[in-house]
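What follows is a group of structures, each given as structure tokens.
Below are two complexes that have chain A in common, paired first with chain B and then with chain C.
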Partner chain A sequence: MAPLLQLSGLQKRFGEVRIADGLDLELEQGAAVGIVGPNGAGKTSLFGLISGDLRPDGGDVRLDGRAVNRLDAASRCRLGLGRTYQVPRPFEGLTVFENVLLAAQQGAGTRGRESHAVALSSLDRTRLSPDANRPAGSLGLLARKRLELARALATRPRLLLLDEVAGGLTDPEVRELVEIVRAANAEGMTVLWIEHVVRALVATVSRLVCLAGGTFVADGPPQEVLESDAVRAIYLGSTVAVAT
Partner chain B sequence: MVWVNALIQGILVGGFYALFACGLSLLFGVMGIINLAHGDLAVIAAFVALTLAPAAHVPMVWSFVLVVPLFALGGYVLQRTLLQASLNRSPFTTLLVTFGLSVVIENVLLEVFTSNGQSLNIGTLIADSFNPTTTISVPYLSLVVLVVAVVVLGSLQLFLSRTRTGRMIRAVADDREAAQLSGANYQHLFGIAAAIAFATVALAGLAYGMYTEFSFDAGTANLLFAFEAVVIGGIGSLWGTLVGGIVLGIAQQVGGQINPAYQILAGHLVFLAVLVVRPRGLFGVRAAA
Partner chain C sequence: MPAGTLAAPPAPTAPAATGGWLVRRGSRLPAWLLAVLALGCLAVLAALPALVSQADTQLLVNFFVLLVMSVMWNLLAGYAGMVSIGQQAFIGLGAYGVLVLAMNGVPTIASIPLAALVAAVISLPVSLVVFRLRGGYFAIATWVVSDTAMLVISSVSAIGGGTGHAVPGLASLSPRAFGRVTYYAAFVVVVLAVGGAYALLRSRLGLVLAAVRDDEIGARSAGARVLRARRVVFVVAALGCGAAGALLAVSQLQVQATAVFSVQWSAEMIFVTLIGGIGTMEGPILGTIVFYLLQQNLANEGAWYLIIFGTLAVAIAIWAPKGIWGTLERRLGLSLFPLTHRVGPVAGTSRPPRSPGRPTPHVERGPGAGARSGP
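Up next, the complex of A and B:
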């Protein structure tokens, strides 16, 4: 069986900055993988390449063995790719429920009662049900982060890309969030998660990769990666020992 | 009594302004396009009716049956091609492109239909009116246009707030990229919004052609009134556009009652006053983003 997500030889540069210099990555169905790396390494841009917001300069993105390079973000979403933004971007003029309902209808392709059920269950999971009828523009940061996650879940993705959903949250909030993501993963959803809150990652993922200078400088079980020389060099602030 | 009549005439002409401004409001609210060719599109609709209705043996009052679907289709196609291409460059490009479109349309109309004034002949309906007193006169045509404006704006509001497609249009208006991540194809939705906007401008153009004589360059002057109605009502609110049109209409009629020379001026003054006192408009949800 083909891996759910396969990146091969992915290239992307912005002027002189290489954020992907021949990236290769394979994600098996049901995996939970974390991405760490220094600021500006291009982690979010990598998500842009996978979700279709950005066009690669070279290389392939494959979903389920199918090359999706030519598909826009909306089509990739319907193929089962869900993503959250680091800075939440709710549709502020719509209510919380409408935000999620839209994702269920368009992203998951559901209709009628089924879309309502999908929308309600993703609000339930993210504990947003009490706020369902509030305009999304009136939500605070935590609720916005939850809504971002709820909306991604409502598209019923097979692969969920999480971009720093734990950033700026308190410890109990982070624990609650980890539970939501673990539950989704336990149901078979594949998770790829960028996070600076490393304890949240370690509690959830079974594999960690570190992106720096356009390549994955480490890849393996979380503890091993965090203790590796390459990652230590980056996080302790010494010269980044990365092949260029 | 003359003042009551001025008020009534103001409300009636306001209905026309609202119908006319509706498409402008929609294009700006959803796609951020300021369509400078909006007025010219209305004039095209009148000319199309002038040509098509006799050819198809359709009475002029029913010409909308032909023109509106044609315009909706044209709106969709124009949005997916020219307008989308200019949107992809920058919002400023859309301003230039629609300005250019306006120049092109006016010159083509001049070439094809000459500069002669025309009107859509609807027989005696043009003169029929309901006269409760000697000073008050309610022309049936104006009344019909007002009712059409209220129905169009009302159903559009319902469409946007209650239906699946309407909800998606609001979402892409809010955040195009994020809407894509929820699986919404924004280009198609923009096309639908443009189709609706063009359909409404076709209705407005037909109403205009039935009211009064028009020629190739009538669009530009009317564009200004549409802008004023949108801004007075508040950008992003369709009910606001209806109220804005009526406020503008009343201001003009009351001004005209004081002195016929003040009619247009009074409308502009109210527009300026709203800009000064309440820049987001009477019903504006927020300042223009």
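Up next, the complex of A and C:
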């Protein structure tokens, strides 16, 4: 069986900044993989390349064996790719329920009562049900991040891309989030999760990759990757850079 | 519900009920009140020709024509983010459609929907061209398309060239019967335009438009096919403006290219939509009413009439950028054409779930409760 997500030779640069310098990655169906890397390494941009917001300069993105380079973000979503945004993008004039309903109708292709059920179910999973009727514009940052997750879940993705959904959460909230993501993964959803809150990642993923300088400098079981020389050097490097 | 799909919700138990929650569309006004209001309006409008003078009937037809145009422009600019200043292209095509059909023996009234359809069909290839452009360039392109259509049509001498042509067919009717026929034709078109626009906004496509208006990138990544939604709106607006143009041809019994393809139509539909409230269903309706009231009361004031319109437009742009209805709506929190979904408990009657602050960690009953406790 083809891997659910396959990146091969992915290239992207913004001027002098190399975001992806021949990236290769394969995600098996049902995997849960974390991405770490220094600020500005290009993790969010990598999600843009996968989801179709950004066009690569070269290389391929394959979803379930199918090259999706020429497909726009909406088509990729309809093929089963759900994502959250690091900087949330709620539909501020719509209610929380309607935000999620749009995803259920467009991303998951449901209609009528079935779409209501999908939307309500993803609000329930993300504990947003009490806010269903609030305008999304009135939500605080944490609730907006939950809404990102709820919206992505409502597209009923096979591959879920999470971009720093744990940032700023308290310990109990992190545990709750981990539980939500693990439950989704246990049902067969493949997860690719960018996170600086490493304890959330370690509790969820079985594989960790580290992106730096446009390449994956480490790839393996979470503990090994975190203790690897490459990753230590990068995080040490960035600390030194900040200190000076 | 297909088994095995991810996050499959439990089967709904009651009609329109989903796992303990009920989803309704509505505003603060109860649905029966809105229905009574709508039926009341329809009844009054249907009875008007028997109550008012011949001249007023003609005036009402013109009112309906502008109303249809502004409802369409509001769909385009207020909901789909496409500021067109070339809708007169489809007004002209609708008008000439009626002329050509009538000249070929099609009953004049039957030619109205056909002419509107012609305008809609032509708008599809037009969209392929103008959709390549955005913002101001898109606006200019629509105007260019309209002027091109005008130049092409006024070069055809069989339909009157530049001087225009009379519409055959209805001229033999008595003035009274003619007034009635045109009034009811316009009335039907208005009902279809307003009803159709409302139905479109309540549909899944309407939700896509609303989401795109707030965040296009977010909408795309949630699966919304933005281009397709815009194209549907563009074609619907062409259909509506085509019908409006067809009504013009029928009610004036005369079609002349520079008149029907005049950019003045765009100016008027934009003006009434902006003063009424762009991006609301009520706005263009209210704006058209205000426009006609002002016009009737100022018609004798000569140039003052234009000065007052201009001042009003500027004042609204500065102090009430959401227009009259947009401002009212925010104050009063009511809507005559509710689009919002309300989620409430099935058994309960009134209170929708609502929390004062942050989300509470637990919900007693929710739709997903069964999803995780499956076998």
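To be clear about the criterion, the second predicted complex is superposed on the first by the 237 of 244 C-alpha atoms of A that agree within 3 Å, B and C clash if a C-alpha of one lies under 4 Å from a C-alpha of the other, contacts with A are read in each partner's own complex, and residues count from 1 in each chain.
Just so it is clear, a contact is a pair of C-beta atoms (placed from the backbone, for glycine too) under 8 Å apart; a residue touches a chain by one contact, two chains touch by 3 or more.
It should be emphasised that the depicted structure is a prediction, and the values quoted were computed from it without experimental measurement.
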item: Fit-or-clash call for chain B and chain C when the two complexes are aligned on chain A; value: clash
item: Partner chain in contact with A:98 - chain B first, chain C second, else both or neither; value: both
item: First (chain B), second (chain C), both or neither touched by A:89; value: both
item: Touching partner for A:188 - first (chain B), second (chain C), both, neither; value: second
item: Touching partner for A:128 - first (chain B), second (chain C), both, neither; value: second
item: Partner chain(s) touched by A:211 [first = chain B, second = chain C, both, neither]; value: neither
item: Which superposed partner A:106 touches (first chain B, second chain C, both, neither); value: both
item: Comparison of chain B and chain C by chain A residues contacted; value: C
item: Stretch in clash, chain C with chain B, out of 57-65, 345-353 or 363-371; value: 57-65
item: Chain B and chain C footprints on chain A, overlapping residues; value: 51-53, 72-75, 77-78, 83, 85, 89-94, 98-99, 101-103, 105-109, 151-152, 154-155
item: Contact footprint of chain C on chain A as seen in their complex; value: 51-53, 72-75, 77-78, 83, 85, 89-95, 97-99, 101-103, 105-109, 111, 113-118, 120-125, 127-134, 140, 142-143, 146, 151-158, 176, 183-184, 187-189
item: Sites on chain A touched by chain B in the complex; value: 51-53, 72-75, 77-78, 82-83, 85, 89-94, 98-99, 101-103, 105-109, 151-152, 154-155
item: Residues on chain B engaged by chain A in the complex (per definition of touch); value: 164, 167-168, 170-171, 173-175, 177-186, 285
item: In the complex with chain A, residue positions of chain C that touch it; value: 1, 5-7, 9-10, 12, 16, 18-19, 21, 23, 204, 207-208, 210-211, 213-215, 217-226, 340-343, 352-355, 358-363, 366-369, 371-372
